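Below are structures written as structure tokens.
Each of the two complexes below includes subunit A, the first together with subunit B, the second together with subunit C.
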Partner chain A sequence: MVKTKEKDGDLTQQDVLQAVVIADSFVHHFRPITFSVPKVLMPLCNVPMIEYTLECLAAGGVQEIFIFCCVHAQLIEEYVRNSDLVRRLATVAVHVLVSQAPCYSSGDALREIEARGVIKSDFVLVPGDVVANVALGPLIAAHKKRREVDREAVITTVMKRLSPNHVSRRAGEQMVVALAGETGRLLLYEDANAHPEWQHKLRVPLALLQDTDCLQIHRDLYDTHIDICTPELLVLVQDNFDWQDLRRDLIPGVLGQFEYLGKTIYTHILSSEYAARVHDPHTYDMISRDIIQRWTFPIVPDANLLPGCNYHLGRSGVYKEGRLALARSCELQHNCIVGAGTSIGNASKVCESVIGRGCVIGERVNIHGSYLFAGVTVEDGASLVGCILCERVYVGRGAVVPKGSILGPGVRVGEGASLQPFVRLRLPVAEKVDEDDSFGDEDEDEEEEAGAEAADAPPSTLGEGGLGVVCKGGHPASSMRYDRPKLVGPVEGELSEDEDDAEEDVNQVQVDEDAAFEEEVADTVRRGVENNHSVDNLALEVNGLKFAQNRSFADCIVAIVPALLEELPLSGKSKKERLTEVKRCLNKWGALLKRFTQTRSDQVELMAVLAETAVASSDLSDIFELILNYVYERDDDLLPEEAILQWADEAAKDDSTGRELLEHPGTKKFLEWLRNAEEDDDEEDDD
Partner chain B sequence: MEFEAEQAVILASGTEGDNLGILTEELPPALLPVANRPLLSFQLELLEQARGFRQVLVLTFERWLSRLSTYISEHYKGALQVELLVVPNDSSSADALRHIKPKLTSDFVLLAGDVISDVSFHHLADLHRLHRAAVTCLFKQSPPRELVNGTMVKKAKELDGIDFVGMDKEKRRLLYLEPSADCDKGTLGVSQSLLRKEPHLQIHTDLTDAHVYIFSHWVLEVLESKPHFASIKFELVPYLVHKQFLTKPDPVQESVGSSVKPSSSGIPEEFCCCCSVMPHDSGYCVRANSLPSYVQANMDVAKGGLTRFEKLPEVNEAVKEGNFALRSFSADSSRGVGVDVSNGCVIKKSCVGPHCTIGSNVRLTNCIIMDHVKISDKVTIANSIICSNAEICEGVSLKDAQVGFNVTVEAGAVIKGEAISQGDLEDDE
Partner chain C sequence: MAVDEESLAGLSPAVQQEIGRFIAKLRRRQISSSQDVARKTLEIMRLTVATAASKDISSLIELIKAAGRAIVASSPHELTVGNMVRRVLQIVREETADDGTKGGLSAPTVEGGESTSAGGGGGSGPSLMKLLDAPDTTDYNRQPVKTVKSPILEAINELIDELSHVCSHIAEQAIEHIHANEVILTHGRDHAVEAFLKAAHKKRRFEVIVAETALSGAGRETAVVLADAGISTTLISDAAVFAMMARVNKVIIGAHAVMANGGLIATAGSHLLALAAQHASVPFVACAGLHKLTPIFLSNPEQFNVLLSPQPLLQYDEGLQGVHAPNPAFDLVPPELVSLLVTNIGGNHPSYIYRLLSEYYHQEDHNLFVN
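Right, the complex of A and B next:
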């Protein structure tokens, strides 16, 4: 075995460490920006996002990088060609792979990469929107070591610790990860949101505990989406052609089909390094702040990764580049980046924001927590809070761009306009959008198109001279500055549930069991009626259930009667028709009831259930005395008068449901008559 | 250093899940011999060595009272003040504790009557007081599963009857406790409120509850307010563990130490549960609550070295001529007083109680022979337990068997894997 491995090594030059960068995230969170620019080329702190990923890979000792792109492929190719990447990353061979067929998911991308046959050894798989300063070397070494022990290991996912409530997480994300304590093998990877029944309690399959002595359950892990993979993974993805998303399909697929595939996934938990993925505008905002605050060191703005960059770090986290035209009274408060050639007017304030190159900011402008790409113009007195403005956006005098809004390239906001929060605008396009950032799901896409067309009218709030149409994009929850509910302490309901839990446990279990039994019997009866079983067979089935759960006859009666009567088609019929219907039913199934009424108390129970069922349905309650009369007059003595009278006495005493039926004149009359008849009988007996 | 919990309770009335078969038909579990010492003596010794216990309460049933009081008054020589308390017959562990509530005045230690351990109480008590815990539990780690080529053996683990124990990274705080019997539908429920407070939870399956607890006194109030709790281990402790995350959020008081404030009923609004883990390779802790563990405990104690407990010191009695007792016993066996052994016997890894008579050419391996047992010639016994006053006739071969009190096994019988008791024989007749 060892020998062949060495031979393999010689043939494939295992020393070359490869990486695959998927330059498409296959989601729409950044529309409308991604209509014209691929997400990975979007500026993040004035540097295209993909640069961060490539820098991390190159620093980690990767020697060959494949950038896989599908949408906007020529833009990425151009960028790689023009940006001097090859020379800058001198030790790294960078290849751009353009997908031949349309790719709808990262699964498709991996299948295409497999088909190209470029991957020869263990490789790093990373989306092109990850910012990290992780030292990959030790990770890869650890992965290889693990492979020596467990040859079936296909992926090492890299995660980092992050409090479940941390603001850097995506909104509502509730990752639950379970690892084997001894080995770090991944056993469970789920989003609790996908399991509504997990709202109060996670349900961890016991099978997981059989493989390990110490199961680590984490709510505090953040998936960095950096994976160290073995080439086998590509084959696996090829074989399972239905796997689309790496996280939603591939990982659960490998974990869930462990018995069948035998493949394993391991998890490496970062201790101090930084790694995060730009999923949506919210995380874009968070990661930008992290970069400005230098969590990503050494990848920070003043490292000037790109040729021609010339940022300097000033006090309180203000980065300035080269020739700026700053008015004397403008304030760059803290944590902001200003690109070269930008001018800022008097009394303007900039805070926690990134401003691209060549922007023109007027006087008394307030910019807070916003991202301005290159060439944006903001007129005097405008206010920008928590928004993203793309290239060449124009914001008129005194306009307000509120939180969460994204303005696509070239959009113009008129003078004095005030936009809605979370609005997304782009320039109207003459031709149909075929240069979409993603193909996504077909249906979804069509829906989106339709939505976009419907909203093509410019919003009235755009003001005079405004230019742009509303474009549907991600959910507000994924937007910047979306106020998220904070989860601390027990959630309402959980507390009370658990409070009661202990006390009512015993009773609750009983009630649950009763309900379950009744439901089961009722189902059996309904099925019997529907398929017109014989009374004997149905009785046999119900009897089986009764014995299996050690129930009394009365328990069965309680379940059977409602099942029989509730199914009858009574509504909208006259009294007479309804009575006929009930009679027909009881004619057929009376024998069944008879079998389950063995004692006087069963008979009383039957009476009570009849009453209860009648109360529940107005169709039955107003013919109750007729039903009663019919049942009483049956030959088989199903309900003898003693049982009826006993029920009447009991019902009269307590506040049971039968009370109102007793008040009913018809029932009263019937009972009266019954009592008299009894007396007559007695008299006769006396004689 | 002295230990300050002052009161200790030994549940000599038996605990849930005991399964010692015929052994406890006549003998209280607390007096079962382990290497010729009664079980109870191990717990008393443990408490004595911890020092500082003012009072030890031993709970027992009416039917065993006389034998236990004889033991305490006549045989127990230790310095502890031992008080025997009778609890209603066959009452559950929680009921027993409720019954003696007036006797308890402070935090107390609770020991199951079948624990043999050399745990250091100081460590437990430090934890308990440091965190002001409601309960501090002791867990024993089982040895790790065999590693083959560095990977886990594929064999799936038996999860029946074990506890799922969740703790924090330092193994100090007990965060989760769920007996496997309570897991329905093949899943383990972990409440979100727990994960919100402790987003990283380790659930161990290799820990056994040693049934050694330190309780805060107010836990008795909890017990009082939950009259349906029957078991301390299966209901009270899991309830407390679960409850520690359901306290109402109180943003003002965040720090652990200062947040304990007794409410009117004496139950603090916020508390935690602590635990201590005995690693598999140090310390001794066994519960003699089933036949295999009882036999194991006997062998371990008789062998010496594994535990810090001494087997009953060898009696230097004058041995009559023709008694081969000194020669027949191997070093990992234990011998009571007045044992008479004939020639040609081999006794290995076995405990032979006082006043037993053993004939010639007898082989005993892994056996527990209680007192006054007569074994005739040419008997072979392996992995078996012979109770008091039994008689094994000539040529009998016993394997994996239990012979009850006063039973006579007829000559030449071959018995494998059976339990014979007085009752059975009478039935046969």
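Right, the complex of A and C next:
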């Protein structure tokens, strides 16, 4: 603590330390809550989320904070004005910047901040939903020191160690980060999910190894989204107007275009401090628990950040505020927060939950792992597990609100109703959200809406007197209490399953590449046929493609044959005319095919492709045995009888496309004849 | 303990701003030493008195109380803040009383009568007779602030001055308590204890055993500081405290606060230490400045404890979500385990604390939240 004090002194002598808080996450994980209130004002342990971010910044010695807001800007402005924020933070000046143009990403936000010209020196960039007790002073000092060595350092990102399958991570989050061990310079920042081939093998550009003698590759780094930035970053974002997301675009952009931009990014890894970002309901749940368990100390509920807040910590992590009406036999089991003015009835149990101010909880209610905002009413015997209930939600007698559900402000769940897991409900009409507390006066309205709701949500689920419609929100995996699969485990079965997946993925990629190659060759051939190129020239072109992509002759054959035959004008002609067309075509391009059939297996492949092409078109399958006969009788030995017979055997064995052709009487006859001829030949040879 | 915003309105903007900053610093734990907390509180009190626009003393007292309440409510575990507010209130009352006797005040009023009925544990004077005969009957309503303002400010300045000498005054008594070739056991880190041991080292040769004070590791720091000063120092783990106690002649620790019954709020682990000392009949000595003297009986010990982050106990990465890992900052040591309390005005037995309380604080100020 003494250290921070000294830091404070240092900082005041230099420029004013600034911070930018982006009060919008540009995602919709919290719908329907975020319809009426910005995410940063959502209560987290009964304190608006942005308070945690601002307190961390203020404690870190930041003197000027710019809160940049786009959606619900007015609400945020009002909050800053009315909540006595500046006096409480005591040491900082707070400015609210309202976006003038619509902003769809943090990149847009940064460009607008650049346009305002308010940032004068190194600044802290943080989203308004980060909870941290990081001492920023030393971080900023380290950033400045680094700038003295490397003038091109634009960002220091703050990360902390957290194992890849830690429960507090977002579902499916798998970051791969490469650092230069000596300096902490960030070399690679990629989402492993975007690279399916990284499941088991990581491909790292060779250049990374040249940059450093001590390359560190981490999968255990958790991005806290706290960045220490230099003002040049804003210019960089302005120049690269296509950068949207800070993580998906900006960091890979700066790293990928190092040769061109020459900017560098460094990483600071936290040792013991806590930092986490509320991404989605799942992380909301996790961070709430961490706050209750005091990982965020000194930013804890009993620090009473809000004015008029008065929480006290009792035994086993139960925080109570002010006057509560707790029935004698109700149990506040452990790790819960209960706001002032709340009453809890007999035999009710509350565990690992946060209950807002002025809630009314009936008798025999079971609340576990749930978050109740202010003014929620829960009637006798209801059960809430792993859900978020917004302001003024009403849960009827004996109703069950299961895991992962989010009920928007004012939603009513009727008596005995049982909701689906992961359901998200909101009030039917948007205006309704603002006109609260007037249900009594609008009985007719209510009925109407209840009727309207019947169309959207099955009325049986919401019960009698229920009010609310289903609203689409985030994926269940981002919801609370979603049983996500373990990423890595010692279990044999799981591992092998993963491998299978990986193989499938690899195959998938291979198939895509094959298709692309075939398409290219086919295009070349069609062009050649159309413009009547010579066989030599066309062969040269196809050969070029073959070498460029390191393909075999068979691969080329597969592409050439359909391209040749499919272009023939066959439809509506007699068998004889069609055969003539095919003959003419093969006469002309047979030499091309000959060049690409070097071995027996190529010949078999050619045969198979011919069959496949024939099956695809009824015009060809009719005359298949005639084509076969013609090809066999050709002088250049394009398809010798051995190849044809081998194909026939193979096709008969597996269910390939040639099967039905084999069944064709003509083909059968031809093959029989061929076999006999062969035997005759053999006999002749024997003689 | 809600903050009454209305009474804060009577304070000047400068004071409000100072209070806001102080509260924020306490909340962020950027001031840790209780001496710093005490000094800052006194500075705010000085500013409050200096800028007060009150006409009479009773409204000045209310103003000081309001400022004190604002700070105390925001961080109730920093007991020093309340103590300093009470000291300043006592100064105001004393100055007024002196002034009153000089000016020849009029007869007792109804308000005075109330205060006698409330009296019981202590009074404003040192003598029992005086307590009964002359109850505190000063009529603060009639006293103008103007005449007493400068003596009050002067007295506050003296108090701040006294605060900066707390450690040296405690250290002066070291020779009386530490004898040659003794083995002293200490625990945690406390500036007064450090000064105490260093002062004794100038005259005597003795040995110090330091318990590491796990989690915070404060004991390690103490060991390093003492060894640097040339004292022969042994560092042991907290678990070895009981085993070492047989060799120890005296346990000397610091305290976060001294409560009205003589009990201590001290670094976590102190209670264990005190019990071990009692088992081995080793004297248990606490060094604490008078600013830590708190006229409050602990009804709910949890209320004054601070639970720190579980981080030193458990790595976050271990992901043990179901594990409850409380990390309390303080322990409560009951008065019967404390042999001696060394303050900057001398050594006292815990049972004598009530006398000190009545000497330094006014009865009516013990609870700042009652008007």
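As a working rule, the second predicted complex is superposed on the first by the 443 of 687 C-alpha atoms of A that agree within 3 Å, B and C clash if a C-alpha of one lies under 4 Å from a C-alpha of the other, contacts with A are read in each partner's own complex, and residues count from 1 in each chain.
In this text, contacts are C-beta pairs under 8 Å (C-beta built on N, C-alpha and C of every residue); 3 or more make two chains touch, one makes a residue touch a chain.
These figures come from a predicted structure and were not determined experimentally.
S.K.: Should A:A101 be classified as contacting the first partner (subunit B), the second (subunit C), both, or neither?
M.R.: Neither partner.
S.K.: Can A:A141 be said to touch subunit B (first), subunit C (second), both, or neither?
M.R.: In the superposition, A:A141 contacts neither subunit B nor subunit C.
S.K.: With the two structures laid over each other on chain A, which partner does A:A515 touch: subunit B (first), subunit C (second), both, or neither?
M.R.: It touches nothing on subunit B or subunit C.
S.K.: Just to be sure I read the superposition right, which of the two partners does A:D150 touch: subunit B = first, subunit C = second, or both, or neither?
M.R.: The first partner, subunit B, only.
S.K.: Have a look at where A:A652 lands relative to subunit B and subunit C in the superposition and call it first, second, both or neither.
M.R.: It touches nothing on subunit B or subunit C.
S.K.: So in the superposed three-chain picture, is A:R87 touching just subunit B, just subunit C, both, or none of them (first/second/both/neither)?
M.R.: second
S.K.: Just subunit B (first), just subunit C (second), both, or neither: which does A:I217 touch?
M.R.: first
S.K.: Once chain A of both complexes is superposed, is A:A194 in touch with subunit B (first), subunit C (second), both, or neither?
M.R.: Neither: A:A194 stays clear of subunit B and subunit C.
S.K.: Taking the superposition on A as described, I'd like to know which of subunit B and subunit C A:A115 touches: first, second, both or neither.
M.R.: Neither subunit B nor subunit C is touched by A:A115.
S.K.: Counting contacts the way the document defines them, which residues of subunit A are shared by the two interfaces, the one with subunit B and the one with subunit C?
M.R.: Shared contact residues on subunit A (touching subunit B in one complex, subunit C in the other): 161, 163, 220.
S.K.: State the interface residues of subunit A toward subunit C in the complex, per the touch definition above.
M.R.: Going through subunit A, the ones touching subunit C are 1-2, 4-5, 8, 55, 58-59, 87-91, 133, 160-163, 166-168, 220, 272, 274, 289-290, 293-298, 303-305, 307-308, 310, 312-317, 322, 334-335.
S.K.: Going by the contact rule at the top, pick out the subunit C residues touching subunit A in the complex.
M.R.: Those residues of subunit C that touch subunit A are 1-3, 5, 16-17, 20-21, 23-25, 27-32, 73-74, 302-303, 307-312, 316-317, 319, 321, 324-327.
S.K.: So in the complex, which bits of subunit B are touching subunit A?
M.R.: Listed in rising order, the residues are 144-145, 149-152, 156-157, 159, 164, 166, 180, 183, 185-193, 195-196, 199-206, 226, 228, 239, 242, 245-246, 248-249.
S.K.: Any idea which subunit A residues touch subunit B in the complex?
M.R.: 149-150, 161, 163-165, 176, 181-183, 192, 198-207, 209-220, 487-491, 494-495, 498-499, 502-503, 505-506
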